[in-house]
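Structure below; questions to follow.
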């Protein structure tokens, strides 16, 4: 594969409710990414936007943001899924020979819709939807299966929430920077047993953008490139009840592919920082297993060891993770943006010293059905 | 509801009264426009500092120039029909789930001073007068609430 | 930034999307729901390649990508594989919370079916417990023709 | 520097007003199986999948996830792209870029829709801005009606001219077993005779002036899938692969009120880019067949001008002269086009698939009676958005 880089990143702050309209958020993130790259819209050959018609309450949700994304008289397309898939598509287009640069931008205003209703519509309308299941209740079923499988406790999962909310205190963009204890998590309001309020990510508004360039395209910009070393994306089966929710086989496959491309042999050693999609506390140790940071059933063990804390061997979610700000669809792109900042040494108070290789992870669908994994390096 | 297909009963599942509620931010540009409509029956647009195009209703970004706009411009409540039709077919209003009442006149109106077109319904009591180039004027509701529906319709002048 | 932008008060627009849907269940799903409605029986489809029995039925085995075209009756009893008690309330829920969801592996099926669990103190819920389908008296050809699952 | 890409397989379901016998996932599965069978591949040969539709037609969120058991995506890479009416070409382009990137060799691109499951116009109305546009906007029919009336106003075009396009599409559809509309009563009649009937018939309901029922596309349940393969691989799968020569799109507009109603300038711009890439100077002479996303009759006049097949206002002459009929110089929509089948998320990928069949010489009764070196496919949607893909017999250099 030809070399391909991320040369610019931009993000808004993430908040419970922003006044800005979809297009205003997109414009903010996109112009920040362009400015960060040291270029302008004229340096962009094509655009990929990321949005979701259900969340936006609008069929063709990308229609409202074409101007803000800078798509006038340019080739453009829209991914409906997590931002990591948007980055992936932007990368494919840059590698296709048709373009040398892609601007990818994703937006979300969770505050304008009702999350539980929107995610209820993920479920099969014939056999499951009328039961009223949603993202949180299905995640609770997954959490319980995982607990049973590895004999973990709710307190174990709470550790991820405690760690990440604390990390968020170093991130000015995060929505929920908090110094909390396991006890606080345990005492927070029970939503869907075993998931309590502080096990769950918040509803968020925000946008993020990246500028992708081939080696040649990167020369248009001032910023030194962060290279995409590997990427993999794989979906598991859909049907709740017929997919083993405590298995991470799809993430295993996606990560293996990304590692192979990037020449990563031992991710725990070879990676310097990880930003993963912890929509719920239990997901962090579960995704450790899928990403090969821990062996099967050993995710909680790794979490408890402190190795993934800010001062550990492999800090995971220095930004505070998705549990500290969850603009759906944007959140995976935020992981990429954070990874880039780490590799450039621009992550300020959340900087992992000397980070040379970073992993960013995004998910699509209920209970992390589909995964996308990026390995980036300088 | 069921139907038979070669002896097999084919079922459907209905969504019933289910709906998705939204609380969309109108944004500051649009909010200003609606407030002026409500308080002063006045239309405002925003002008691009680069190409000079006037957008009604106002928005932040001029797509062509890719710059932010913030210069407000008052435009007329009169204008010209750029394109139009009379809607005669029935369809479901997705905001209510019920059939829209038809027929009604529908036009894209170029308000004097604006460079974009405002889509709205037209008083089509006399369908013969619903045509390209017709001069029109906004008719406002007496009781205005700060929504686009404060414009009752556009009436044909000539 | 222009002065007026600082002063203007942002307004919100309350709206909804209410497109009425009718989802066609299809021949395979209809056969399952009709048996549920008329005979209070649970049927699944079996993949000829991997042998997985799907309840509710799948026309195509997603794992093997071959038609799962053999019908198999399964029992109305099964094992609770996972559960959650939901405390929050939203309009898509069939009844007021708290409500309990379970993934129930029916005897004879290879995966679980999502449904409601009732007739049990939440404190007594356990993965692995045996449950049995309780049918509604009035059945209309939907998954809610099963009222819920209760401990056997 | 990007791999060359070809279409090596195409499959579709029969396009019908309603498929009550299958749910959406099962419908998708039919198209996938048909495409694999056409390419003589199995699902194991497929490296990645891309899928698209419009959420609010079926009320299903995260369709890429929901359909995995039907699309073949279990333990495979998949994601969803969607852009409204252009979704089908958007999916096809995405399949193309998957392969062109060098990351995947065999990619399945799927478009589908079950329009029978909701009110099509009601769902389309939700595509427009909730505050500024949604109130009483009449969906695609309203947008197209105003375009048509302006075009008539500008060039003195008549209802008969529009009807002539409708007649061509429906006559062509008679050759296509997959088409939803088969208006057998037209068989053996002269186009003029049918035009006369259409513009005078009281049964031909006026929807929104000047558009009558016969001027519009139907609503359809259907799915279609195209297999894209990389150079070196494609030649082994298909004896005559349909190479993607160039593809571009323009989605400039945000609000309906921004649209230039005098010119379809997005289609103009996208087609121009494609022709530049391909070195095409005289489209009418150099293109052999078209599968164009013409959702209504007048598009078959005005948009021909936009692509550059004739000058402004000359669309009617081109069509009346029979240039775009099956035996004409530039047959347009041998499949019967969108006006004969319109499963919206699949509609534009049907254009690409049908265009590929013409290049591959596999279009059966609807194969045009001439050598096909270039076939031009388009998508239309959103806010006057245009997608263009040019397919060819010769591998691009």
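Note that the chains take the letters A, B, C and D in the order they are written out, and that residue 1 is the start of every chain.
Going forward, a contact is a pair of C-beta atoms (placed from the backbone, for glycine too) under 8 Å apart; a residue touches a chain by one contact, two chains touch by 3 or more.
Everything numeric in this text was worked out from a predicted model, so none of it was measured.
Where touching is counted per the definition, the chains common to subunit B and subunit D are A, C. Looking at contacts between chains, the pair that accounts for the most C-beta pairs is A-D. If you average the CA atoms of subunit C and of subunit D, the two centres end up 37 Å from each other. Between subunit A and subunit C, the centres computed from C-alpha atoms are 28 Å apart. Averaged Cα coordinates give subunit B a centre that lies 41 Å from the centre of subunit C.
Among the residues of subunit C, those in touch with two or more other chains are 10, 13, 15, 17, 19-27, 29, 58, 62-63, 91-92, 142. Contact with two or more other chains is made by residues 5, 8, 10, 12-13, 15, 20-28, 30, 59, 63, 92, 94-95, 147 of subunit B. Of all residues in subunit A, those touching 2 or more other chains are 19, 23, 54, 57, 66-67, 71-72, 114, 117-118, 121, 125-126, 130, 237-239, listed in ascending order.
Residues of subunit A that touch subunit D in their complex: 1-2, 23, 52-54, 57-60, 62-67, 71-81, 85, 88-89, 91-93, 95-98, 118-119, 121-122, 124-126, 232-239, 249-250, 253-254, 364-366, 369-370, 372. Subunit D makes touch with subunit A in their complex at residues 1-3, 23, 54-57, 59-69, 73-84, 90, 93-94, 96-98, 100-103, 123-124, 126-130, 247-254, 269, 381-383. Within the complex formed with subunit C, the residues of subunit A that make contact are 19, 57, 114, 116-117, 120, 125-134, 136-137, 140-145, 148, 189-195, 237-242, 245.
Listing the residues of subunit D that touch subunit C in their complex gives 18-26, 29, 42-43, 56, 58-59, 68-70, 72, 74, 114, 116-119, 122-123, 126, 130-131, 134. On subunit B, the positions that touch subunit C within their shared complex are 1-2, 5, 8-15, 17-28, 30-32, 34-35, 70-72, 92, 94-97, 146-147.
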